[in-house]
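Each of the next two complexes has chain A plus one other chain: chain B in the first, chain C in the second.
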Partner chain A sequence: MSNGTSMGSGKMRIRGLVRKEFLQIVRDPSSIAIAFLMPIVLLLLFGYGVSLDSEHVPVAIVVEQPGADTADFTAAFHQSRYFNPVMYANTRDAEQAMMAGSVNAIVVLRQDFAKQLRDPDGAPIQLIVNGVDANSARLVSGYVQGAWGTWLEHYAQLRGQKFEAPVQMEQRVWFNSELRSRNFLVPGLVALIMTLIGALLTAMVMAREWERGTMEALMVTPLSMSEVIVGKLLPYFVLGMGGLALSVSMALFLFDVPLRGSMWVLIATSALFLIAALGMGLLISTIARSQFVAGQLALIITFLPAFLLSGFIFDIGSMPPVVQFITHIVAARYYIAILQTVFLAGNDWSVIVPNALALVVMATLFLGVTWRKSRKRLE
Partner chain B sequence: MFARILALVLKEFLALLKDKRSRIVLIAPPLIQMIVFGYAATFDLKNVPFAVYNEDHGVASRELLAAFDSATTFSRVAELTYDSEIAPLIDGRQVLMVVHFGQDFTANMLAGRSGALQVIVDGRNSNTAMLAINDVREIVDRYNRAWLADHGSSQPPARIETRAWFNPNLESRWFFLPGIVGIITLLVTMLVTAMSVAREREQGTFDQLLVTPLRPVEILIGKTLPGFIIGVGEASVIVLAAVFWFKVPLLGSLLTLYTGIFLFLLSGAGVGLMISSFAATQQQGLLGAFMFLVPAIILSGFATPIRNMPQMVQDITLLDPLRYFLVVLRGVFLEGTPFHLLLDQFWPMALIGVVALSIAGWLFRHRMY
Partner chain C sequence: MTAASLAAYSPDQIALEVSGVSKTFHVGTRLVPALQQVGFRVRHGLVTGLVGPDAAGKTTLMRLAAGLLVPDAGSITVLGMDATTQSLAVQGAIGYMPQRFGLYEDLTVQENLDLYADLQGVPESARAERYRELMHMAGLEQFTKRLAGQLSGGMKQKLGLACALVRQPSLLLLDEPTVGVDPLSRRELWDIVYRLVREQGTSVLLSTAYLDEAERCDEVVLLHEGRLLAQGTPVELRATMQGRTYEISGNNLEKRVLLAKLTHVPGVLDGLIQGDHLRVVMEDTTPPDLEILLPGVSGMAMKPVPPRFEDSFVAMIKSKSGGKKFSSPIPAGKIVPGIAQTYPGKPVIEVNNLQRRFGDFYAVNNVTFSVAKGEVFGLLGANGAGKSTTFRMLCGLLPPSGGTLRVAGADLRHAAATARERIGYMSQKFSLYGNLSVIENLKFFSSVYGLSGKRGTGRISWAMDEFELGNIADFTSGDLSLGYKQRLALACALMHEPEILFLDEPTSGVDPLARREFWARINALAAQGVTVMVTTHFMEEAEYCDRIAIMAAGEILTMGTPGSIKQQTRTEKMPAPTMEDAFVALILAHEEATA
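Now for the complex of A and B:
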């Protein structure tokens, strides 16, 4: 048999398997739901629902002796979009409100606030924050500092003075000047969705064949193991790229996330990541052999690591070294680094190339191990 | 009746534990995940790499840099001499921020004017950027106060004194760890329940179960209990890990905590079984579990406050049992919230559990293939 015909029949064999997989997908619409419905639902929920930018934080303001000076100070809170000030006459009521969770912080101006303003030490402003949500507490305390700064300038201005802090901090934020959290959450979410699509769709496909005994049937056909793997991957790859196209269009057109790099880099690296994710699913499926265990493994391995260990929300550099080391086996980590750069910064090759290479290594590893594991069982 | 249920529970346990792989999957990962995620989930920045571009070399910039160096948040990795060196460092993610002192920084300050400190931050992860800016602002504020005191200038007319309740050092890990307890408990419940009915359906053994003397209620109890028992066991282990490994204070009563765990497991197992009874195949069961799990975690208030969500999405979160459980966990752990203040969190979980279980029981008989 000449090389040409064997290649030709190889293609035909794969085509037959691909057709069979496609039929299975179409007959059980739950895969299609995962590929298209889940991105829409998640992106809508995330894009509109989730934000780390606190606004209108309910704050209790206790003014023990109202006067012109205190009114001046509280005005800064009423004007800020970060606060929803609620006035209280005494500290006890305010503390009860904080216990009940209806306010997140208490600002107290003591009785002698107006008098102490003229003291050399200045008047104390008490700020009590609810530390349970430490991050929100810090943001709130930062906002209060901001309101205080506005008030200081105003206060000095009224007296014809100019208050100048010794060090004046000027911040310039590159790539996301308004610090819109949506701009980094949405690209991160694309990575999360692609992980789920990739790994979930394929987690069952090999295990199903093993469990139902059709794997052996597949093995007595002329299909080689690599052909089986390609045949299994191809339909889901097409489905996954469809999900990607949908997610990226929503990010760009619905949520106005800028795409500063090139679309081609985005598509190429996404294809790479999708192959790695599909490979992970196939590997889970091959190791587990039963659908039940494959499902359990997929639940554990896919979503939470991609959510917590990928740099999606939590900064990897701030984790302890051992945990940082573990993040290197989470493929989503590399993809998120690429996505954040391609979306917000542009084609920066010093970020894209190493991360893309890591994805190539992971994809090769997953598919290679799958291939070996499957071949062994053939013997 | 009890004998029948017991037999079914035993069979379920056998099905779960007889397979070595399934046994490992159930027991090892939750504890490992608790430890790994517990360390990963923090908003307290550490060793953030930054570069200094100092054109000043005066005493003030030196002192301020010393303050940066002594903070654990930042670690100085480069000194720049040209403006053009800034962009490649930030673009390539070698540093998160560059601190720039202009030529007359110290001179301005000594003359009683403001010295300008320019901070250039990589905003690709806007949350990390914001946290870093806040940390810089704290260092600058502290330095400003010290400078005013040292140079005999008058302090500003008012100052802020901050106190934090329940978490005096504002450690964000204390906030996330109870959340991780909730997430892992939910995951374990889903592992056990989401595919249990679906598997029997796919293999055809569910029809056999239906023709046994077991009534649907008994099947329901038999299918719920294993998830419940495993859930209570694993939840206890990870609560212990949170308290003894991570040293998160547990101020509230165990009774309140376990009431929360029971009701949450009821709702979690209920939803899991409902998904499972709806699915015809294990694949559908798995996909259904994810379609529930992912939004449930994202909308629970675990990482992003529910208060920040638009009203419509806030209304959707009312269907999420994890939302209530997180309030219970954080309250019992950090605030020592008494039982009666958590009643508003308890009854929705119970309601979700009862409704979901009823639907599951109804589906047993009415969804046949």
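Now for the complex of A and C:
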């Protein structure tokens, strides 16, 4: 075989592999499901179903002696979008409702509420919060305090008095001013979807070749192992970028998530992450030669960390130091930092550049190890 | 001829040379030797058969030759190149078909060809011509748009071969191409292989576990348990058996009893049932006396027959194992004679106009037969002929779409569970738990069948004695040799003393000695009144049956004793058809009639 023909047929071989891969993707319902159906389901689920905000929290309000002041106070709860107040005449009924789970908090206004309100010491109100879910308990207790403060201010103004608090807080929320959790969940989902396509799907289709004995037949052709790797990388890269296009358009047009940075930065960094994810998928397939093992490994090594340890839902800063340290080997962590910045803040290079560099390192590492580990041998 | 005498050939006559090759695999913490000091040569322009039972090391050798494995010791030279250091060049020069044909089932015939043409670097300009040639050869011209997964076993095999040949290789390696394929497709494959060799000068190394296929090769390399037994032409290998093989026929006597007696006579090397006859192989060429072989039995006739390849294989492994004979477990007092001839009493299995539809497709149609107590009944047919579907209905695993089905007196439509208690089932794929020990498997199966207390322990110790499993009781089942696995599987299937035993290709690929031992046990069971039902496409297993039914496209083509079926297809050109000849002739006649 002369040098010229072998170079030409290298292109031919990769073309053959890529064409085969696309035919298989189109004909295999499970590939389609992972590449297109799963992203849509996840986006709809997280976009519409999952919300980390507490709105319309059912709250029991116990007014022991109704009057003008108490009516005014409870009206403040009725008007708020954060609460669904339910009125009770005594504490015992309210406590039962809390036991039954139909309310998450109880606000008690005592008999002498109206009288004490005019005392210099002020009127105490009692707040009982269901603390089983610590996160929402904290939110609810914060909301109640806020509602209470606002009402008090309003009450003072109404009487021409000046409400004096020693410190005044001027609050402004940056980047996600409406505090919609959808705005940071949906960009984070892009990372999960790319992990599914890049790592899970790729590891599974490689394992399928081993399982069905086609890898053995491929190996006894003039294919080199790097051609096998490129032949898998190219199609799934295209598929992953398709998944990106799908998720980004759903984020922008369906969920109205703002894109404040540039689309090009988004595409370029996504491509980087996708290469890292493909590298992980191929690396898994050098160890796992059955689809079951490959699927399990990909879920445990790539998908779950991308879900739990990437800052997608749980803030990395508030994790214990050991876990924080572990998050550094999760590629999705860097990508999610970039995604949330590009979507909500803009082209902030001080975030984008170091995280993108980390992705370059990870992509090189995974692909490099795969390259070294794959030999054209069955052992 | 030995490997040494082949050294006389000049290097350019040698396509493949294996010298002193050893290969050991690590399985968990254990070392499993697959090949030990194997050496042989494959000559250009010939079909060389790599023949041996399962676990002989055939696939390992094929993979070593294809550069997919590295030998621990020794070297392999393929077309003048070292298979280890120049593996990429070797892979570019040979054609290779792995065991499951290496096809993409979700690609069409044409797309598979395109892929392999791309990978093998076949120039675009040459493709149309080459495709036409290959598709014609494989008889797949009309199926190029069909998905490979929807082809029959035989068609897949031919497509796999076409893909391996897309760029005409000078050496073709075929790893068990005929396994799981019906006899007709096997014949077609052999025709294609010989056409390649004769017309295009391709050298072929083909591995097979079917010993009868060795006779079709130009040269044979015989492997057993990782070692080279012999190399030579089939004629040379058979020659030592000349004058040592006889056929005994007669009437009115139970052939299984005779066989059990025969194998204990000094001077008899091997004996087996061939339909209505017995076949005997003697230890030397001294003509045997029927009076000594079967004392006190009258009305028998003996005539010399030509030796077969299997005879020499059995002789070789027996001489290696020190002439050890398998134990023949027929208890003399418990024999029910003459069952095969008379079929007394009510049938144990009764099938009437059985049908099974999947959508519009009739997998089984109008099947009627009955099996008597103590009879060994075989269902023969290619893949897709409806054997397995019939089998599943008989075991009560699949409800029939029409017809009646009675097994052990129970109507399977209403009392499948009752019938299942009386059924034992064993397949070649051994549905045992590989990571449990022998004793744990026995305990598990006895508890599954609800055998507790005294009866349970009694059956377990029966199994340990009867199948000589005592000294391997604590071995992990997955590590056992094929022969022992088979014994264990049979012991588990017999745990609850079933009246009917279902066997699904029980000895396909097993070495001839283990197969004889297995069938000796089955014969003993049948003689005790156990009814045995076998499905197989393995012709040698059919010879052990009292009666067989040949199935094609869901229907029974013919039914009868092996002898009578062979008789049906006897012609001037084919005066002594084998079971396989008969099978092929019947299928061809059926295809002609329906076409």
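Quick note on the criterion: the second predicted complex is superposed on the first by the 365 of 379 C-alpha atoms of A that agree within 3 Å, B and C clash if a C-alpha of one lies under 4 Å from a C-alpha of the other, contacts with A are read in each partner's own complex, and residues count from 1 in each chain.
We take it that a residue touches a chain if its C-beta (ideal position, glycine included) is under 8 Å from a C-beta of that chain, and two chains touch if they have at least 3 such contacts.
Since we're looking at a predicted model, the values are computed, not measured.
Within the superposed three-chain model, A:D315 lies in touch with chain B and out of touch with chain C [touch as defined at top].
In the superposed model, A:Y48 makes contact with chain B only, not with chain C.
Within the superposed three-chain model, A:S224 lies in touch with chain C and out of touch with chain B [touch as defined at top].
In the overlay built on the shared chain, the residue A:G160 is in contact with neither chain B nor chain C.
Of the two partner chains placed by superposition, chain B and chain C are both touched by A:D28.
By the document's definition of touching, of the two partners only chain B reaches A:M38; chain C does not. Of the two partner chains placed by superposition, only chain C is touched by A:G213; chain B is not. Of the two partner chains placed by superposition, only chain C is touched by A:G16; chain B is not.
Touch counts on chain A: comparing chain C and chain B, the chain ahead is B. Common to the chain B-facing and chain C-facing surfaces of chain A are residues 28. Remark: chain B residues 19, 21-22, 25-26, 29, 33, 36-37, 39-49, 60, 64, 88, 90-93, 96, 109, 112-131, 133-134, 136-137, 140-141, 143-144, 147-148, 151, 154-168, 170-172, 174-175, 183, 187, 190-191, 194-195, 199, 202, 279, 281-291, 293-295, 297-299, 303-305, 307-310, 313, 316, 330, 334-335, 341 touch chain A in the complex. In the complex of the two chains, the chain C residues touching chain A come out as 63, 66-70, 87-88, 91-92, 94, 96-107, 111, 114-121, 163-164, 173. Here chain A touches chain B in the complex through residues 28, 30-31, 33-34, 37-38, 41-42, 45-46, 48-55, 57, 73, 98-100, 113, 116-118, 120-139, 141-142, 144-145, 148, 151-152, 155, 163-177, 179-181, 183-184, 192, 196, 200, 203-204, 208, 287-293, 295-300, 303-304, 307-309, 311, 313-315, 317-320, 322-323, 326-327, 337, 340-341, 344-345, 348, 350-351, going by the rule given at the top.
By the touch criterion given at the top, residues 1, 5-6, 9, 12-13, 15-17, 19-20, 23-24, 27-28, 212-214, 216-224, 376-379 of chain A touch chain C in their complex.
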